[in-house]
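Note that subunit A is present in both complexes that follow, paired respectively with subunit B and with subunit C.
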Partner chain A sequence: MWRRFGDVAFAAVVAVVVTLEAVPLAFLTWTLLGRLVGASGGPPVGAVLLGAVTSLGVGLVMLTVYLLAYQYVSERRAAERAERRRAWVERWLRVLYGSAPEPAAAPGRDAVEALLDVRETLRGADAARVMALLARYGVGAELERRVLNGGTSSRLEALDALARSRIPEAMPTLIFAIGDPERVVQVAAVRAAARTLAAIEDPGERERLAERVVRALGRSRLPFGVREEVLLLADDAAPSLVGAVLGDEATSSSSLRAALDAVARLQLLVFADQVVGCLDHEDPEVRAAALRAAARTGLLPPHAHASVLAALEDPVEFIRIHATAAARLLPRERALVALWERLGDPSWWVRRQASESLAALGPAGLAELGRAAETHPDRYGRDMAAQALRDHVVELVEAVRA
Partner chain B sequence: MNSLERLFVAYQLAVIGYFAILNLIYSVLAFVGLRTVIVYSRELSDVSLKDLLEREVFKPVSILVPAYNEEKSIVASVRSFLKLHYPRFEVVVVSDGSTDATLERLIDAFALVEDPRVWSRRLPTEPIRRVLRSLRHPNLVVVDKENGGKSDALNAAIDLARYPLIAPVDADSVLDAQAILRASRLFVEDDSVIAVGGTIRPLNGAVVEGGRPTELRMPRGWLERLQIVEYARAFFLGRAGWTRFGTVLIISGAFGLFRRDAVVRAGGFWRGTVGEDMELVMRLHREHIRAGLPHRVVFSPDPICWTEVPSDLGTLRRQRNRWHRGLWTNLWRHRSMLLNPRYGRVGMVAVPYFWLFEALAPVIEVTGFLVFVAALLLGALEPGLLWLFLALAVLHGMLLSQVAAGVEAMLLQRYPRPSDRVRLLAAAFLEFLGFHQLLTLERFVATFQAATGRRGWGTMRRVGIPG
Partner chain C sequence: MSSILAIEDDWTVGLVLEHVLQTAGHEVTIVRGIADGKGALSEDGYDLILLDLNLPDGNGFELLRSIREDLGRRTPIVVLSGMRQEETVVRGLKLGADDYVAKPFSPPELLARVERWVRR
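Right, the complex of A and B next:
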């Protein structure tokens, strides 16, 4: 959306121009104050004003000239860069597939960007050859140097390049950058770390690094959403990360929720026991995440039924909503009774979830919905059941049409 | 120095002091805004965005479209909303008692049928006549209700909305394909974010195909060109700057993203103002601070919404009059926040700024000008000085507009034709040679109309969105 070119120079020009404006203005204020308190001497107000106007005019001309030049240069430069990158992508592909020699000298910025573009599209042995090229030209080391020593914008650019290159050797630097004081850098670092972790094939090395990433996450104050995103970005390394989070006794509630949501989204059934263990967690957000995970994975062992039944009566609305979603996993008769009761819940969202859970139970659930639409003692429960039946018909029609 | 001269010098000093403080604030905002844009442009690459989209980390969004007599734009707008790149979203259009063919256009274009659904009535609204759903787009809901105003229509849409994030948008607006994606990721990256505002850019003159602006062109009228500069200054310098201090007070009604639960808890949109967007944000700040809840209202420079700006002077004046009356109503309603340390930077910096440099600015500018003229007539001021003062003020305004035009030039989707680029820079010069003063006068009038309790939107003439 933005051109990453000329912005810092523009900020410098603006700084000069604002100074050209501010200094005479300050002088003018000082002169007028002097006049007010009756001080004699000093330059006349008219001369100071004229100086301020002239100075501001000069600044404005400078800015306008810069902007006109920028329009012209940025347009041309963008086109040239795009052309150079395209040419480099073609050359790299010829290098990779044997019809062109590798460049002897370290390639420039456009060549590196093109190589990262190529890296992004390749997997397996081809990707390994790109990694070898990146290593040969010292790209990773240079990017790491920028992550450790650059300004904010330089660090962000380097972290983005590392995320695309997925160089395993850069992991220690990425893990270090998760502790950066700036939130935007932390987020970029943890994203790059997750992508890189996904590219590490050695299971032992992956586990070891996953534990280090989880420890760094634990020390950071990153929010739940970013933690969840990291677990999902890690692809094949996600079980290692989730295992490290769930296995860490000191893990924060935020990390725990993220791990439980990752279990649900990635269907990591191997962690079913840990999910059940969190159903009675003291933090309602964690309990809700565990209920969500159980509902989505469809795994609810008999010894967890009591926890779900208790959650259906929880005073916290969002716990009841997720418990109602998980209740369809209870034994059929028990589920029908529990969901019938929830159709009379004071919360609209719980009633809605109860109707959806009933609809998901198949013919028995639909029959129960039909009965509820006619005879449920709660008026809102009857309306909701009727609505769910109508929605179900619409879904069927749409499925048939599709 | 006689007493009249002394009084006049004191007044000069007060005006210059006001001007200097305003200048300082604008300069700080310009720098901070620039930094925000520079960091933002590197913060989220296309690769990251693709990753996020594929993993579906985002929360689903309900796009809320209040519409009153929008027959010219509504179909194109809704089409553009339905084409958004986002994993899970719905569009809830509310025809707020439209008396033109808004509803009929929607029924024809999207094959709407009646849907006797039940919904959560958390926010009271005028009666809803019927709810319709589309046979072609399962994620489109249209509500036909009795007229109750924009806030009432938005509250009805919130009641019907199913998803945790809501995005109120104007019915004459078009969203960038990635607008929701870029804005909603901020909710993922910070749990305390309750609202996100994006940039609004004028659509006039652009080539629109399939509900998207495919090429920007300068509109023919200077009135529209001047508004392009105005919008750039307001968003790229003003709001981009305020967001760094955590003191954003306005999220434009044309496009914003809110946490539904936060808005419902605050009571939805207030019907007593014509500036419902700002009022809601102020109330969200107030309620969250009072309850001790961590919260952030942020502006993000590139979720972009395109909107049709007025092309005739009458409509523009009515619009600015309404905005200024809304500003006064909101500031007055939340006057307890003014210089109240309980509200932190919002109460001590942002609210006083809006009182002094936004709401009172037209009064100070107009009276300042009149005093200068009076002083000139009474012989207390040399004519040369008056001209120099005016030149200083005008050049200062031009400078800020040029800086904003510079930020706009860094956008990938900018005006591509060199002649248009030159026209934009020319507009930045011309804005302060009459246009700004005209709108200041309108805002001056609006100040007194607000005091007398005038309400209403006035008639807005629209050309309509092509496509």
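Right, the complex of A and C next:
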């Protein structure tokens, strides 16, 4: 949105410009129609046309002047505001490190924004001192009040500020806002909750709140992308949130996939058993996410081997792709046999993944690729193996030397 | 007193660094991007470089590589970045960074790390 203020002035300018254009054009049309039907009298057409063009010109000049003036004023205001915030950051730093007194009265908006900037930068004991300042001036309470009351943009601003300040006491309000009817408020609230959760140090309290966030998330019907983002944003609190999702029997497939992808991306090895439990899930997207998580974490306990072998034969292509990636974690002989078979898969993507998984197995896998390039019964399998050998020529040379 | 060059585009972080390091008796120069960083490095000898990775005119990794390989400087470099992923940290250390501090950071911890490298 290019306008940050001046709604009334903008509406007035638009009204005047539209009037300056619409009225002369209507009058011109009326005059021309009169001439067409042979009516006499009235002003000459040339004069009406000139008046209409002049009026349009005046309207355009007004609009241009308004836009240029707005740009100038807006930039000047932004620069002044940035300067005020910078001055406040310097003052807050002097307050924090003891060379300046705390402001006696509750500070204004720029001061609060500056304090939130400082809060975002610091961790540890200094961050705790910023939190004490935020509490002293009632910043959290005011932001919570704005989240619960007011227009959408004000609520979003307050949620953004709460995300930056990460005030644990605001968690009940944030969890409540996850259930808001407006989707944008839900998204902002869940992001703020995830970031706040990451700042809670007490493990018991963090897990209790994580369960509440997960329950609210389950009710919210937010899309998969937001759920995944929230789990990744939670940072140090991600294991608590992922644990709560994986431990909730009523969790949706969407949340489950997001949790499994977070396990993969954040390498949360502690959830290996829960990943294995999802390898036979009824939803193919969840099965694929579990296979992805197993492949990326590199953890595949023996009791999960049968699930991976079954997934290699799955009729759904993307399941076979991820199963082929995970198959390199099977015992060596079984992996070589399974991946040889997948080199003959009808899907190019599965064949490609099979060749990559074989290459990742080191000298034994490269030797298998060499045999496949010569003797695999499937022509496309032979081509893929030969291509993989060309792609991994450096590893191949090292393997031959070894 | 040691001389520290901080290459950091976020002015709040810059002010915090300036405040914390100057209070501890260090001389701090703050520049906002890669071009300014290279300019500062060509003029002055610094005892330590604090380097952000996301800079407005490029990637901090590029500058890190350039300091080590093109300029041949052995000045201790502490990366100060919001990117906490394992691969980013490993890449920074492999390119020649001596230490890696994730943002948000604890000023006393940063100061302790800076002083350890300056002493060396």
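To be clear about the criterion, the second predicted complex is superposed on the first by the 324 of 402 C-alpha atoms of A that agree within 3 Å, B and C clash if a C-alpha of one lies under 4 Å from a C-alpha of the other, contacts with A are read in each partner's own complex, and residues count from 1 in each chain.
One rule holds in what follows: a residue touches a chain if its C-beta (ideal position, glycine included) is under 8 Å from a C-beta of that chain, and two chains touch if they have at least 3 such contacts.
Here the structure is a predicted model, which is why all the values come from computation and not from measurement.
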Q. In the superposed arrangement, does A:Gly57 touch subunit B (first), subunit C (second), both or neither?
A. first
Q: Answer with first, second, both or neither: which of subunit B and subunit C does A:Gly381 touch in the superposed model?
A: neither
Q. In the superposed arrangement, does A:Val226 touch subunit B (first), subunit C (second), both or neither?
A. first
Q) Touching A:Pro107, do we find subunit B (first), subunit C (second), both, or neither? A) neither
Q: Look at A:Glu120 in the shared chain and tell me whether it touches subunit B only, subunit C only, both, or neither; answer first, second, both or neither.
A: both
Q: Please name the chain, subunit B or subunit C, that touches the greater number of residues in subunit A.
A: B
Q) Once the two structures are fitted together, what part of subunit A is touched by subunit B and by subunit C alike? A) 120
**Q.** Residues of subunit B that touch subunit A when the two form their complex
**A.** 1, 6, 9-10, 12-13, 16-17, 19-20, 23-24, 27, 30-31, 34-35, 37-43, 45, 47-48, 51-52, 55-57, 115-120, 122, 133, 138, 178, 182, 187-192, 301-302, 304, 382, 384-385, 388-389, 391-392, 395-396, 398-399, 402-403, 405-407, 409-413, 416, 418, 421-422, 425
Q) Inside the complex, what are the residues of subunit A that reach subunit B? A) 1-4, 6-8, 10-11, 14-15, 17-18, 21-22, 25-26, 28-29, 32-33, 35-36, 38, 45-46, 49-50, 52-53, 56-57, 59-60, 63-64, 66-68, 70-72, 74-75, 120, 152-153, 156-157, 160, 163-164, 183-184, 187-188, 191, 195, 223-226, 228-229, 232-233, 265, 348-349, 380, 383-384, 386-387, 390, 394, 398
Q | Residues on subunit C engaged by subunit A in the complex (per definition of touch) | A | 10-13, 15-16, 19-20, 23, 84, 86, 103-109
Q: Can you check the complex and tell me which residues of subunit A touch subunit C?
A: 86, 89-90, 93-94, 97, 114, 117-118, 120-127, 235, 267
